[in-house]
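What follows is a set of structures for review.
Here subunit A shows up in two complexes: once beside subunit B, once beside subunit C.
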Partner chain A sequence: MRKTKAVKPPREPITWKKIKKHRFVYAMLLPIAAYFIVFSYYPLALGLVNSVQDVKMLGGATFCGLNNYISVLSNPLYSQAFINSLIVGVGTFMLQFVWGLAIALLLNEVRSKVLKSVIQSVTYIPYLLSWSVVGGLWMMLFSPSGMVNGFLDMISRGDFQPIVFMSEPQYARVIMIFTGAWKGAGYYAVLFLAAIVGIDPSIYESASIDGASRLRQIFQITIPNIVPTMKVVTVLGAMGVLRNFDQIFIMGTSSILDKVRNLLYLIYTQGITQFKVGPATAGATLVLIGTLIISAVVRKAIRYDDTYED
Partner chain B sequence: MRKKNPLENRMNLPQRFVCWLLLGFFFLIMFIPMWNVIVVSTSTILESSASGIKLWWKSFSVEGYEYVFRVTKLARPFLNSLFVSTVATVIQVVLSAFAGYVLIQRELPFKKSITSFIMLTMMIPGDLTLISVYQMNKQLHLLNSYTGLIVNGLISGFSILLMRNYFTSVPYSLAESARLDGASELRIFGQIYLPISKPGLATVFFLEFVGKWNSIMLPATLITDQDKYTMPLMLRAMILNDASQSGAAQTPNNAIMATIVISTVPLLLIYVFAQRFLLSGMTLGASKE
Partner chain C sequence: MIFVKFNRVVSGVLASSMLLGLLAGCGGNSDSASADNNAAADSGAAQTGEPSGSVRILCNVTGGKDDAEMKLFQEALSEATGLDVQMEKPASDYDNVLMQKLQGGEEYDLIYIGASQYMNLVEQGALMDITDRVKASDILSNNIDQQEWDDITVDGKVYAGFNKKELHRVVQLNKNDLEAVGIDYKSIEPTLDGYYEVFKALRAANASADYYPLNCVMSESYDLQPWFASLGLQNGVVVDEADGKTYSPYSTDEAAPVWEWFKKLYDEKLLDPASFVDKTKDMRAKMEASSKQTSVVVDWAMWTGLHNAHATADGVADADYEIVNLPGCKTPAGSEREYMLVKGGASLFAVPANAKNVDGAIKVLEYFATQEGGELLSIGIEGNDYTKSGSTYTQTALGADHANDHGAPVPIYKDFVNPLGYNRGVEEALTYLPYARIDRIIPDETTYKTTVGKWGIEMIKGNVSVADGLASMRKELVSLGLTEK
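Entry: the complex of A and B
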């Protein structure tokens, strides 16, 4: 594709006249550039500076080298938070992926337009809601008097003791993974469905004439054809693994926090609530680096960059 | 037209049955929790705290809604959220259109550096610079202020890219000939590009409004004053039953569910009106460009 592009004309030199001609365009750029400098680049620089400083509560800071990084890397709270983030993040992604794919494949078999859009809307709506809504909703469902316990009571038929799900550490991660996937499955379904709709219908027609069953077409035409979308979804998902905050901020009750406290939540409590600015910014920088590493590894593993080369 | 064709391309009957069964399961697992919220929010306090499966009303009552407006004083956070999200989104749409327009200029000197200057900000996620964002807002005296809530996250590389993509679909020759006719740059932008890109503007508006309405991390960082609470913060205070924050010792179940319904209504309205924009924006965001 790329090779067929027209040859670019030789670059014209930048002249004062040309700059003057675009003065209106530069004026438009002014507020945007100012904004990005103040609200994107300045915090980044401030973070890097603070991460190598010992910041005092009452102002004043002294250079302390990599001490903050060392204290973060040797702090068991951070390593536990890293493990929690990884387990909940990867688990949520995998469940959400399979769930969304299943919804998309099944919806593609629905012929009634009305039913299709109703089901798509209902499965997609949770993605639109904030975590305080989704968290509040599921915390009620998982409460001792909630519907999950009501359901368990119904099928147990004996004397049933309601389970206090939100204070049982053993269920904590499963609940986070499930609710996370519940919120996002419809979004992935939309992405997959958009890819499925884009597949050339003549492929199905000829397969059908050759006698391939519909089920076989799903596995041998539909799924292979949406692999590029799956890769995009995987790379985007990998970038989000370490960056979950809202869910735990809402649903992380004190009794289960040890099992689910993730990196951003820890950084937030350390930096904002306890004012340990140095270690918190060092931790945030490490999360940024970790995210870059994870997405690079995932890109490599799924051969992301090869897909569009041909 | 549905032909009765032996080669009709669909699943056989048992397969279709399984398909509907699975789809029904997925539908119910999404639908029942949301339905339950509606039922509990419109039940009496007594009914809403009783155990069991609540999928239909035993007693209909709006006392949960009365409670949140009388005791929790939910009107304030609701209006806070509405004000902050609307103002911020309008400004964001305008500025994204500006930046998008800048990025499609063909002969603009330094365009490459400008593009990478904007693209690089997408690599700096706001949630990872949180502590510095807090400090910066403190320096600018933006903590506990509406301005702080509006200004932070006001421009995103994503919406700029979205606008740029819409603008590239406008034939460049149109702008070129207008320029030859002596039209000012402002007129070209306002009378050629903006009208054609209405769907793009709508997409950015809805996507960003949803994002700002739902935002938790930023208000949680900037706001400690309860008068400036946004809906998500208020809801969290109610859920976690923080007596010092919500004022009441224990918020009844139906009141919490009523709050959930109230903070969801604006999003559902948006979804109904803007479904096609939202969905196209979502898929656009995940395309490989």
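Entry: the complex of A and C
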């Protein structure tokens, strides 16, 4: 069958007359606009100004052009932190996505309401806890006298030297990705499950009458129907790739910091602990630009706008 | 369709605004701050009669333990100095709060900072030069050891007074564990081999998987000083007098025997492998009477007393648990010091460049350097933490809970006498203070310690040879601009 492209009606320009007509609706937007201006855009503007200044804690700042940006871009710690941020951020998102989807699909198959809500709560609770708690918990489990080493000791033969996982660079990123995904999988599962329960039950009934197995229904009905939600989750995840801080602040030890030290952690150590506001704001601005680029690329790649324009 | 376009804009805006919070703390730098600096510079030069008015202090560890006691502390300080003292103590995240307050141009007369922050703020011109005022003050000149002033003098200038006397890190040992294997701690041979034999004996007596004779926090390089003293190597970054270049003695080839000694301890399960990831609080928890997972650590002198006090508070008999002190390994013959210990970086009250009441600030610093001021900073507030009858002090239950610490367990006054006495073991630890020296202050101490710790751990675990590890440590320290060779 020949596919025809729908003709979009021309967009009407927003005119002053229309704004006046819907003035009460616009008035309701004012508090939100004021919130963003005061707490987001004003600090952003100051940050942008600081990023091109030689900022001192007290006293006037002087314009220094792009020196702060040059200082950041020529600092090997920043380039390493960018790579770490991407690897851990993307890895965490992908695992969390698959993990959350698996939980949602499996939960949808559970018939007992009690069991379903218990599993949902158990998987969601880590998302509610701070990294101080979650990080401490995993560090304890991975410690030389922790559960993981206890298990390895149990299955080992002979003299067992505990593995100090949190000091092993080769495990560092895997641990961060795994624990990050573990913490957030329950949240993604809730989003996916909400989309799944919104699917028209008659589609499943028809499929059952036609003899489709549960597995086939999952792959041919459930997953295709939650693609829009997956796209939203993907865009949200892309926006968070460079924004991880708490996890590394809590779980990063001196031996593994080279592998997991990310941009925000580095900005924190420069900006807060060393009072180097200029380079820190330049670094933060680059993170902002990086996030915008990543978000734009991901939106384009998954054709996010097509989904929500149709 | 308007909605669609609007939605696109909003989502783009939201994407960017997610990160705006990053910059929030870094904003705000006004010309008024510059004007304040000029005004402050004038006030810094002038000295006017008896100080009066209000003094605003931003503090971190100093003062009461809660809001109510903070108020009592303020009142006591106000009454003693004749000033209207206003103290602000952020509940948490002090460094962040300090930076935002300074950047926002907020005016304080005193701000609490550590040694590393002191150097950064001096470099930025954010602190006031109070050298002349210190020299003009009999109390500040005479009541504080000159060495303390020398330690915070930058290019001949002083920008702060003291919150407390910084102590040193000593080797702390569980006396009962040692006695159980027939070792009198005072007879331990002060060499790497001597301690190795002690650790072996302790391990032989306790094969528990959770127990290790030594815990040494590798991310804190100053925990290593008592052991590197065996080679006469100083902690931190030092200047080579031969060529004027900075370097880290722990990264030199001469340091190899101590790293090899650590590797031997690790291989023979004498060193807790958790030392690679433990923070100081973890190490302390293992030393406590309630856990006893280790017998030897390196920690601040006051912690000898705190371990003993905690045990007593938990109902453990003094005879069953006692932490004692040693100064570690002896230095090679001909060294300047017999032992080498690390003294803590200064804990200071600096006068910001925009301070309004500099006279008042100096008055407060003077009070902190007296016996009375020291009592307020250590044992606390009369009538709250202790009662006084004539010359007899009696600690209240609340005071006991506060463990003689209201910002300065050991005040800066050189002749200070603690009227309630120190906790068990502290007096002995204090006898080793003459062996301690402050490290050279470097702006990025955290990265230095991380780098030394990282390569140290790699060598100890055997992931790299000691020779390669030391070469890598040196190379990385130089590449990060922390040392010059």
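Throughout what follows, the second predicted complex is superposed on the first by the 263 of 310 C-alpha atoms of A that agree within 3 Å, B and C clash if a C-alpha of one lies under 4 Å from a C-alpha of the other, contacts with A are read in each partner's own complex, and residues count from 1 in each chain.
The criterion applied here is as follows: contacts are C-beta pairs under 8 Å (C-beta built on N, C-alpha and C of every residue); 3 or more make two chains touch, one makes a residue touch a chain.
From a predicted model like this one, the values you see are computed outputs, not experimental measurements.
J.: Could you check whether subunit B and subunit C clash or fit when both are placed on subunit A?
T.: They clash: once the shared chain is superposed, the two partners overlap in space.
J.: Mind working out whether A:Pro76 is in touch with subunit B, subunit C, both or neither, as first, second, both or neither?
T.: So A:Pro76 only meets subunit C here.
J.: Look at the residues of subunit A and decide whether subunit B or subunit C touches more of them.
T.: For subunit A, the partner with the higher number of touched residues is B.
J.: Once the structures are superposed on A, label A:Ser206 by its partner contacts, choosing first (subunit B), second (subunit C), both or neither.
T.: A:Ser206: touches no partner chain.
J.: Where does A:Ser255 make contact in the superposed view: on subunit B (first), on subunit C (second), on both, or on neither?
T.: second
J.: Applying the document's definition of touch, where does A:Met166 land relative to subunit B and subunit C: first, second, both, or neither?
T.: second
J.: Figure out whether A:Leu141 sits in contact with subunit B (first) or subunit C (second), or with both, or with neither.
T.: It touches subunit B, and subunit C stays clear.
J.: Could you say whether A:Ala61 touches subunit B, subunit C, both of them, or neither, answering first, second, both or neither?
T.: second
J.: With both complexes overlaid on chain A, does A:Ile19 touch subunit B (first), subunit C (second), both or neither?
T.: first
J.: Applying the touch criterion given at the start, work out whether A:Thr269 contacts subunit B, subunit C, both or neither, answering first, second, both or neither.
T.: second
J.: Which holds for A:Ser295: it touches subunit B only (first), subunit C only (second), both, or neither?
T.: In the superposition, A:Ser295 touches subunit C alone.
J.: Looking at the overlay, which bit of subunit C runs into subunit B, 2-10, 20-28 or 182-190?
T.: Among 2-10, 20-28 or 182-190, the clash with subunit B belongs to 20-28.
J.: Which subunit A residues are contacted by subunit C in one complex and by subunit B in the other?
T.: Residues 12, 14, 36, 39-44, 46-47, 50, 139, 144-145, 153, 162, 243, 253, 264, 267, 271-272, 277, 280-281, 284-285, 287-288, 291, 308 of subunit A touch both subunit B and subunit C.
J.: How about subunit A: which of its residues touch subunit C in the complex?
T.: 8-12, 14, 36, 39-48, 50, 53, 55-61, 76-77, 139, 143-145, 153, 161-162, 164, 166-167, 235, 239-240, 242-243, 253-255, 257-258, 264, 267, 269, 271-277, 280-281, 284-285, 287-288, 291-292, 295, 305, 308-309
J.: For the complex, give me every residue of subunit B touching subunit A.
T.: That would be residues 7, 9-12, 15-16, 19, 22-23, 26-27, 29-34, 36-37, 40, 49-54, 95, 98-99, 101-102, 105, 107-110, 114, 117-118, 121, 124-136, 151-155, 160, 184-186, 189, 210, 213-217, 220-221, 231-233, 235-236, 238-240, 253, 256-257, 259-260, 263-264, 267-268, 271, 275, 278-279, 282-283, 286-288 of subunit B.
J.: Per the contact definition, I'd like the list of subunit C residues that touch subunit A in the complex.
T.: Of all residues in subunit C, those touching subunit A are 1-2, 4-5, 7-8, 11-13, 15-29, 31, 33-34, 36-37, 95-96, 99, 102-103, 105, 116-117, 120-121, 124-126, 209-210, 218-219, 269, 272-274, 276-277, 352-354, 443-444, 446-447, 449-451, 453-454, 457-458, 461, 479-480.
J.: Mind pulling up the subunit A residues that touch subunit B in the complex?
T.: 12, 14-15, 18-19, 22, 24-25, 28-29, 31-33, 35-36, 38-44, 46-47, 50, 99, 102-103, 106-107, 109-111, 119, 121-126, 128-133, 135-141, 144-147, 149-151, 153-154, 162, 182, 185-187, 190-191, 194, 204-205, 208-209, 213-215, 217, 228-229, 232-233, 236, 243, 245-246, 249-250, 253, 264, 267-268, 271-272, 277, 280-281, 284-285, 287-288, 291, 307-308
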